[in-house]
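Structures follow.
Each of the next two complexes has chain A plus one more chain, namely chain B in the first and chain C in the second.
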Partner chain A sequence: GSITTANGSALVKLGNTTVICGVKAELAAPTVDSANKGYIVPNVELPSLCSTRFRSGPPGEEAQAASQFIADVIENSQIIEKEDLCIANGKLAWVLYCDIICLDYDGNILDASAFALLAALKNVQLPSVTINEETGLSEVNLKQKNPLVIRKHPVATSFAIFDDTLLIVDPTAEEEDLATGTVTVVTDEEGRLCSVHKPGGSPLTGAKLQDCITRAITRHKEVKKLIDKVIKSIKPN
Partner chain B sequence: PPQMRGPRSKALPDRALVNCQYSMATFSTGERKRRPHGDRKSSEMTLHLKQTFEAAILTELYPRSQIDIYVQILQADGGNYCACVNAATLAVIDAGIPMRDYVCASSAGFVEDTALADLSYVEEASGGPQAALALLPTSGQIALLQMDSRLHEDHLEAIIEAASGACRAVHAVLDRVVRDHVQEVTALLGD
Partner chain C sequence: SVPSPGDTSVLAGLYGPVEVKGSKESPDRATLEVLLRPKVGLPGVSERSREQLLRRTCEAVVLGALHPRTAITLVLQVLSDAGSLLSCCLNAACMGLLDAGLPLSALFCGVTCALDAQGTIILDPTARQEQEARAILTFAIDSTERKVLMSTTKGSCSVEEMQQCLAAAQRAADTIFQFYRDSVRRKYSKS
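Then we have the complex of A and B:
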């Protein structure tokens, strides 16, 4: 990946919007009620350097809303089965910290974050961990690395709405500011809908929404091809 | 661009205020870093950056305004402060803010009687003496020199030489990049 200190990473540029995602894996004990599940913790950061609209200090509402959106996408689309992250039932599991940092904000942060997350997860190489039966301690083998099992590939497509007449795909910051509403549709590779995110804004007819979903499905195919091409071109090290 | 922000009481009447923020991405180091800003190392780096750039930027040209410099570290492999200074120099030039000279920085250290420039994380962690030097290359003036270890004064000369050589090399690269970029941009604007 782009960042060698992270277990997996990806840098995505969507027009001028630049987002980098780093995935770091740590070991933890699973909770009692889901003893065979690991954790995935996404975090979206919109630092002051990406745009003058963000002040430094605690994360603003846009960053928190984006973090929640990414958490929902991971949960709903089942991109990774949490059971796959479990090493020893009830004792040890992986925690994947996915940190998404925006480097340049020019609109459509949700799409870019989702792509970066997907690409970074595809890039993750986890070392194999075994539990020593006698001591009960874990042994990490850094030489033997396995990639993550990615079950579904969700892709987000955002639209800016202008008064129920005009729809613009992949809006820039200027278009987003002038728009009367936004819609984000997340689809997976089987043409199924994972989630639709329409946070208020001007109302949209059912027909228009159907149109958005169809376009999102088409766009999914193009994005998937691009991601596959890039992943194949990475030389294993 | 310089803009009026923040409480007006902080504004200086005759100069621009330089405000820096240094932040490390959580995935930038081997172990996931819990607190990207606000910890002591970050605050120290922020202060050093601020002092370095106050010396270099012609702040008298922008009274009662503030220049914000934000640096984000994506991957840390030694020489964090130096990479920040070099990146911030390019950013300030890109913003069109006039500076006295490029500010180029490099770290240098001593390992087994040889002076090394631009230390990596492994070399820094080995515990030998190390220094960070920020230089204004054309005039040869030192903007900042920081060292936190014990070093025999005979070796000081060698370390400063090594760091200055590295700074001049960095200056050559930065200068070429800036000139190429300006040529590209003027060609596009001209057509």
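Then we have the complex of A and C:
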């Protein structure tokens, strides 16, 4: 990926919106009630360098809402089985810290973050870890790396709503500011809905919502083809 | 106002339209702020995300253009959580707006649908039913044409299931709007 120090990374550009995602894997002890599960910790940052609307300091409401959205997408779509991240039941598991940072904000941050996350997770190479029976310590073998098992491929499609009638796909920042509402639909490859995220805004009829979902399913196929093409073209190092 | 489906209860307090501090001032409309306080602990990222959902839903119905350069603050305190918390917050918010007498273009109500393993739709699930469900969908339905104001989902479902849940939520909305009418009628018939 683009970041050599990370276990996996991806840079996504949707028009002018540029988002980079870096995945770092660390080892930790799993919690007592889910002893066979690892963790995935997403964090979306909208730093002041990406747009004048964000000030430096603690994360604003939009960044926190985006982080929650990405966490929900991971949870709802079961993109990775948390059991796959477990190395030794109750003792050792992987924690994947997914840092999604926006470099250039021109609207549609949710779609871009979701793509960046999916591409970065497909790019992740985890070193193999074994637990030494005698000492009880973990031994990390950096020479032998395995990719993550990605079970589902969720793709987000956002629409900007104007006065109940007009819908625009993949809005720019200017279109978002003028819009009276937004809808984000996350679908996976089987045509199942992982999320219909409509945070307020002007009301939509069930039929219009269905229209959005149908378009989202079509778009999913195109995006998946693109991601597969790019992943194949990366030479393994 | 304290609406409670089952044992979930949320207290809503509405303040406004009042004067707004400098940077948040909007010259053409009222600035709406929502604060959601969980029962235990400090508000975290999930509260922020819910606040954003509630704020944008309220902004869609409140006629903010009638009160420019003012602030309307909605504070929601979770008193107890036994499932369907977000829809309870939505109902509390709407009743708070009604109680405060703010100008609204429509009323809205919150309905939660849970889909269990067999695909049966359960409306306003308890915490136990929510945990066992494979998908939970929360909708805010408006009163004029039963359109969808807000939608949020947890877990995955098929498109048909979502449409069925939406239809069920739209039907359930009628009961909730009737409840609003009855409460307001009761309040004003006493005085």
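In the analysis below, the second predicted complex is superposed on the first by the 237 of 237 C-alpha atoms of A that agree within 3 Å, B and C clash if a C-alpha of one lies under 4 Å from a C-alpha of the other, contacts with A are read in each partner's own complex, and residues count from 1 in each chain.
In this section, a residue touches a chain if its C-beta (ideal position, glycine included) is under 8 Å from a C-beta of that chain, and two chains touch if they have at least 3 such contacts.
A quick note: this is a predicted structure, and the numbers were derived from the prediction, not measured.
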First (chain B), second (chain C), both or neither touched by A:I20 = first
Who does A:R215 touch here: chain B (first), chain C (second), both, or neither?
-> neither
Where does A:N76 make contact in the superposed view: on chain B (first), on chain C (second), on both, or on neither?
-> second
First, second, both or neither for A:T5, with chain B first and chain C second = first
Of the two partner chains, chain B (first) and chain C (second), which one does A:C194 touch, if any: first, second, both, or neither?
-> second
Please work out whether A:K91 is in contact with chain B alone, chain C alone, both, or neither, and reply first, second, both or neither.
-> neither
Touched chain A residues, chain B compared with chain C = C
Once the structures are superposed on A, label A:K224 by its partner contacts, choosing first (chain B), second (chain C), both or neither.
-> neither
For chain A, which residues belong to both interfaces, chain B and chain C?
-> none
Which residues of chain A touch chain B in their complex?
-> 3-6, 9, 20, 22-24, 26, 43, 47-49, 52, 56, 97, 99, 101, 103
As the complex stands, chain B meets chain A at residues 3, 21, 23, 25-30, 32, 37, 68, 70-72, 74-77
Show which residues of chain C lie in contact with chain A when the two form their complex.
-> 45-46, 48-49, 51-60, 106, 137, 140, 142, 145, 147-159, 162-163, 166-167, 170
Within the complex, chain C is touched by chain A residues 61-62, 64-65, 67-69, 71-72, 75-78, 164, 180-181, 183, 188, 191-206, 209-210, 213, 217
